[in-house]
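Note that chain A is present in both complexes that follow, paired respectively with chain B and with chain C.
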Partner chain A sequence: MNIVLPEESQQDASSAEETSLLVIILDSNPGQKMLRESPHVLTHCVDSVIVFANTHLMQKVQNKLAIMACHSKSSQFIYPDQGKHGDIRQVDGQYEAFTAVEKITKKNLAKVLTSDGSAVITESLLAGAIAMALCYIARLQRTKPPGAKLNCRILVVTGSSCSTSQYMNYMNVFFTAQKQNVVIDVCALDQHLNLLQQGCDITNGLYLKVPQLQGLLQYMMWVFLPEPPIREKLVLPPPLKVDYRAACFCHRQLIDIGYVCSVCLSIFCKFSPICTTCHTVFKMPALPAVKPKKRKKM
Partner chain B sequence: MADEDNPKEYRWETGYEKTWEAIKEDDDGFLQASVDDIVQRAKRKRQTLKHGSQKLGMMRHLYLLLDCSESMASQDLKPTRLICTLKLLEMFFDEFFDQNPISQIGIILMQNKRAERVSDLTGNCRKHTKVLGNLGKTNLSGEPSLQNGLEMALSSLKLLPSHASREILVIMGSLTTCDPGDITLTIDSLKSEGVRCSVIGLAAEVRVCRQLADQTNGIYNVILDDSHYKDLLFQQVNPPPAAVCLEASLIKMGFPHQPNNEGSEEPLTMCMCHVDSVDEGSKLTTGGYYCSQCFSKYCELPVECRVCGLTLVSAPHLARSYHHLFPAANYMEVDYSSQTNVCFSCQKPFGEGDKQVYNCPNCKKYFCLDCDIFVHETLHICPGCSTNPLTFQIAVTH
Partner chain C sequence: MADNAGNSNAQKQNRSKSTNLECKNLYDYLKSRPSNLLEKLYNHPTICLAVYRELPDLAKQYVIRMVFVEQPVPQAVVASWGSQIYSKEHNNASKVLSDLMLWQEAAIPGGLLGWIISPTFKKNIKIALLGGGKTWSMSSALEADSKARDVAFLDTYSQERWECVLHYMVGSQQQEGISADAVRILLHAGLMKRDEEDGTLVITRQGFQFLLLDRQAQVWHFILQYLDTVQERDLDLVECLTFLFQLSFSTLGKDYSTEGMGPGLLVFLQHLREFGLVYQRKRKAGRFYPTRLALNITNNTNKSTPDIEDDHPKGYIIVETNYRVYAYTDSNLQVALVTLFTELIYRFPNLVVGVITRDSVRQALRGGITADQIIGFLKQHVHPRMLESEAKSPLPPTVVDQIKLWELERNRLDYKEGVLYSQFLSQIDFNVLKEYTESNGVLIWFNKEKRTLVINKAAHDDVKRFWKKYSKGS
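Entry: the complex of A and B
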């Protein structure tokens, strides 16, 4: 359903003005199953993400980076931030920019983690975080110097499960990303994510369920580091078939045959006389092959 | 049409209405910033006029009545009216089927006082694109007959089930129509059948077109130039409010999925869609979509099963049009007085240049003008609401 023509190979002359922006969305919600069972896993993930992010920056001087934390009650950008960081100096001969990514990310993430410690919310609002990332990308596209080319992608790193309560939000961000030529990659750490997998398929991104968390960094380097145009030439995990069945609005179950409201296109698994979404009252289904006899006027 | 993305071409955004009075020099004596501002504000204004939750006709059946008379050879649109029209229609069809996934279009030509149906009602976008490709070589001759065209469309729309939304879009280059009878009678029957007729005029206002659109709740406009033409055409992409006589019903549909049989080789099968096509016959292939009711195979969705008549769609097809029904809440324009340092979603720092910021009534976050437009035109969900557990589902339950 989504045919995107392969980028013509213009790597030679124009490559100087080409910039790659990578927005990483890190699910830091302490309510996700993986972190409830072993909270220390987050440190490992953050370290892997930072090394991965720096490798992206290292590939080309022009490459750009943003990191977001998707937390239980809000999502926010943790790198770059609005603050001034004159105090970050070289450590052990490490390039300052890399040190900055690590310091700023960890500092802001710590702020996020300590900000709300109350009730556990198990659902991570990833669709909203992607919506923010798309607004951010749209701004950079608007303000880039004329003639420059900015290739954008979003990488979601999460151990949450997929929730159908965000279905509409997910679909809106996927279609927007598709329109804006933003690739969505998903790195699932814990559970299979059917909805996000659909997003990868719609936007030509890659979906990977990491088999072993210890190897996270290696998997990320192998699968997600190459730019989308280069990926065609690499040996990557074979694409899985995506299940595009509908979930009914009434029970959130996947169905093969359903009933669709002609006014609002809501999907139901059984016939009901009234649409619960738009409150339209339906006429009863016509009985097949029995034509109503015309009543003669008395 | 080379530089479509150039915002400066949007002169029509404000409809040429005394825009010069609104143009002021900015502090440095430049005009451009204020022109951009007018364009942005016009977009915002149009957006705030849209309301959610009204009943729309989502299952659209639209006949396109295309004038192919001599008048379409005129070169006031480049290279000719017809070629320009066909180019715009190609884009229009793509966008139309993208936003109206289970709708259908048919095409009728008007020339030599006759109407000719070149394409039956179908939801297959590629069929239409093919027809359009051939239309470029049509002989443009004689006068159009609006009445004959309307009658032909009506006779086909009449047969549709009562939940189908019926529409006619007329593209009229000629200033005259040569009709066999009284066209007001035709307009009356269109009205009583609930057919909404819109007209785009390429030359000047014609009284009978105005009458047709007014009587049937359609829109009548005459184009100013080619970008205005595109805008008028693309207004037709949004589903219209449901006609009063439109009945609602629940329609049975199938959601085929490809069976995931790992390991075993998928069998080679024939598809039903190419079975009787002459130029590209049915081949044995793997993959495809199987009807959930009778297991006939199709290459593409959406499609109506040829065997059992079930409409087959995929869930994202339907989801593409949900934003028409559940739009993001309109933001309120408020004066900027350091409520926040940055735009919530795009992180743009607010400064002295920002006299107004935009506030979401549900999540109370502040946004910049660009984000306001992007959210309501493209994204259709509020980034503030959708990142907050208390508000992320608000659109669904209103």
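Entry: the complex of A and C
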């Protein structure tokens, strides 16, 4: 009997043709602790990120790239931008497309940095930037031609600390990303990022706290360059134990044990008789009832 | 006992092998080149970039991990990068890297063997990625073109030029001829041949298979054949390849300068112009526009998913589960291609309707076209409407399976070369020989009653020796 085998080999081939989009969110907030101490580190980071971005483009012809700058007050796309860049020509042996990425990114990043106000705010709007990236991805997914496949991932490169005040926003973007099959990778430059690490775990991304900033590029190439399907074929740093503590809604503090509203699941570190989110009224917990002592039966 | 060397024929297998169109990818092409040529090629960042993109996924990661490392990396360390389950892929990746001379073995103090990335390749891939070095030959500064051409114009132009070649192959009369050079390449590639009787050019089996490839694969195959003949034309292969890859990494709709190109390259450029890979207004215009045909020239895997950019030519074929094929086209060439494996029913100004039947497919198969080629062709040119459905494959699975079954029908016989042993004097003799050959795995067929057996031809000498020893001993 003739048996037609399923087209395994063809499916393998087609996975190589899928377009993969990488959105890099670069935290350029000058208020980061790392940058306040030594501002020149930013140049090193930007250079590494650009080379990494170009390496991503180098992998496959179809690969797409977007870079965002994340600030204390706003986030914006710095590559690709709307302008026409027909005039960018090679200056040396570098591939034209790479030169274009480098020039456009640096130009727009300079614009973002100079337009920034003088006030130093240490907190960056990372959750907002991820949300923007997700919107961008959703738009591309909607407008792509029928039959095309687009795999997306987001890489967050940041040196600022995790702000618990954005806890809700973080959780919202993480679960949206999970639903849209977007992988979130996080590259922490300076401090350990508790909440973002949870996001990586939720979306099956990788979290790496770079031990030495000098080798940033090499760390990124090793860990973040492989696409998720290739990652399973490589031995990559095992996931650390993720700290899944939640931030309470009243004081934005990470807590182990707290009170949870039984109606809307809001978390509080202290008991409050009215839930601030859904306004449900709770009774005060009754005092432990004193049980009448049972008389011993004779 | 007499052994009649009954020669079963193996000609059929030979036939099907020799007539299939061999479509090499860049890896196969480079692997068959001598190593000193490879070394010369790696002196150009463009070629390094092109080679890198063609590597298997794992090999790409290995190269990237090692490209910034100066000393050799122990082989055991490299092996530990991949996880155990995928060790086969790891071996494949290492083999490709060695084949292409991208890495070499090097001894590490301490007696271990290590890998080191070829220094030339390392230097030039770094140039492509990070900058430095000389500019590519075609990117001298240009003033703005007063009559700049847009992408749409370039697309129609390249399509026209390329279809000119294809039309010539199928012999449709509506187009003017092509140059003698192109004809020579077609002949050299075996896509066309001279008819024995009247000397006119006719299309070969391979020619038909060629027509069914997608456009990029066609261009790549054609260019490879062209490169084979490059030396006869006194052109430098390395120079031509470098230029070709420069073209393939250029931007569509941008003009490039011919300044600084040698006479050899200018000739090459004129040839590319003829096939529609570049557009030039005048021969001496001093600038040229690469077209879509030249872009990503090596990326010739059969495209089953459309690109994310929406400006590619649209498909025109609808296949229904009742084996009907609707082709929305008015081009004679496309109609001719569809009729290769369908029976036409209706023909309208912008639509032809055909049906895929057993006979029509078998006729195509007899013509040397394979089922995969038919399916590949349908997949590539499938109408966008067919892609919108949620199903995994844009074609109806019943049709795909049936075409494959029709092909398998033709391969019901399995030919093997064998030697027949018969007229054994006793059943014991027969049994001894049968058991011996069976245990060696060379027995093809036996019949106990008639005391005959057929064994693999290659094992004939060995069995004969065994038989002599055995008959002496008994």
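Observations, loosely collected:
Simple rule for what comes next: the second predicted complex is superposed on the first by the 260 of 298 C-alpha atoms of A that agree within 3 Å, B and C clash if a C-alpha of one lies under 4 Å from a C-alpha of the other, contacts with A are read in each partner's own complex, and residues count from 1 in each chain.
One rule holds for everything that comes next: a contact is a pair of C-beta atoms (placed from the backbone, for glycine too) under 8 Å apart; a residue touches a chain by one contact, two chains touch by 3 or more.
Keep in mind the model is a prediction, meaning the values are calculated, not measured.
If you put the two complexes together on chain A, you find that chain B and chain C both fit without a clash. Contact with neither chain B nor chain C is seen for A:Thr43 once the two complexes are overlaid on the shared chain. In the superposition on chain A, no contact is made by A:Ser115 with either chain B or chain C.
Contacts of A:Gln253 after superposition: neither chain B nor chain C is touched.
Of the two partner chains placed by the overlay, neither chain B nor chain C lies in contact with A:Thr276. Touch counts on chain A: comparing chain C and chain B, the chain ahead is B. In the superposition on chain A, A:Gln218 makes contact with chain C only, while chain B stays out of contact range. Across the superposed structures, the minimum distance from chain B to chain C, using CA atoms, reads 5 Å. Per the touch definition, chain A reaches chain B in the complex via residues 1, 70, 72-75, 77, 82, 121, 123, 125, 127-129, 131-132, 134-136, 138-139, 142, 165-169, 171-176, 179-180, 198, 202, 241, 243-247, 255-265, 267-268, 271-272, 275, 277-278, 280-283, 285. Here chain A touches chain C in the complex through residues 2, 4, 7, 10, 13-14, 16-19, 51, 54-55, 58-62, 64, 86, 89-99, 102, 140, 144-150, 217-218, 221-222, 225-227, 230, 232-235, going by the rule given at the top.
On chain B, the positions that touch chain A within their shared complex are 53, 55-56, 58-59, 102, 163, 242, 247-258, 260, 292-293, 301, 310, 314-323, 325-326, 341-349, 370-371, 374-375, 378-383, 385-389, 392-393, 395-396.
Residue ranges on chain C touching chain A, taken from their complex, read 45-46, 49, 52-53, 57-58, 60-61, 64-65, 68, 80-83, 86, 89-90, 124, 127-136, 139, 141, 249-251, 253-254, 296, 299, 301-308, 310, 384-385, 387-388, 393-394, 401, 404-405, 408-409.
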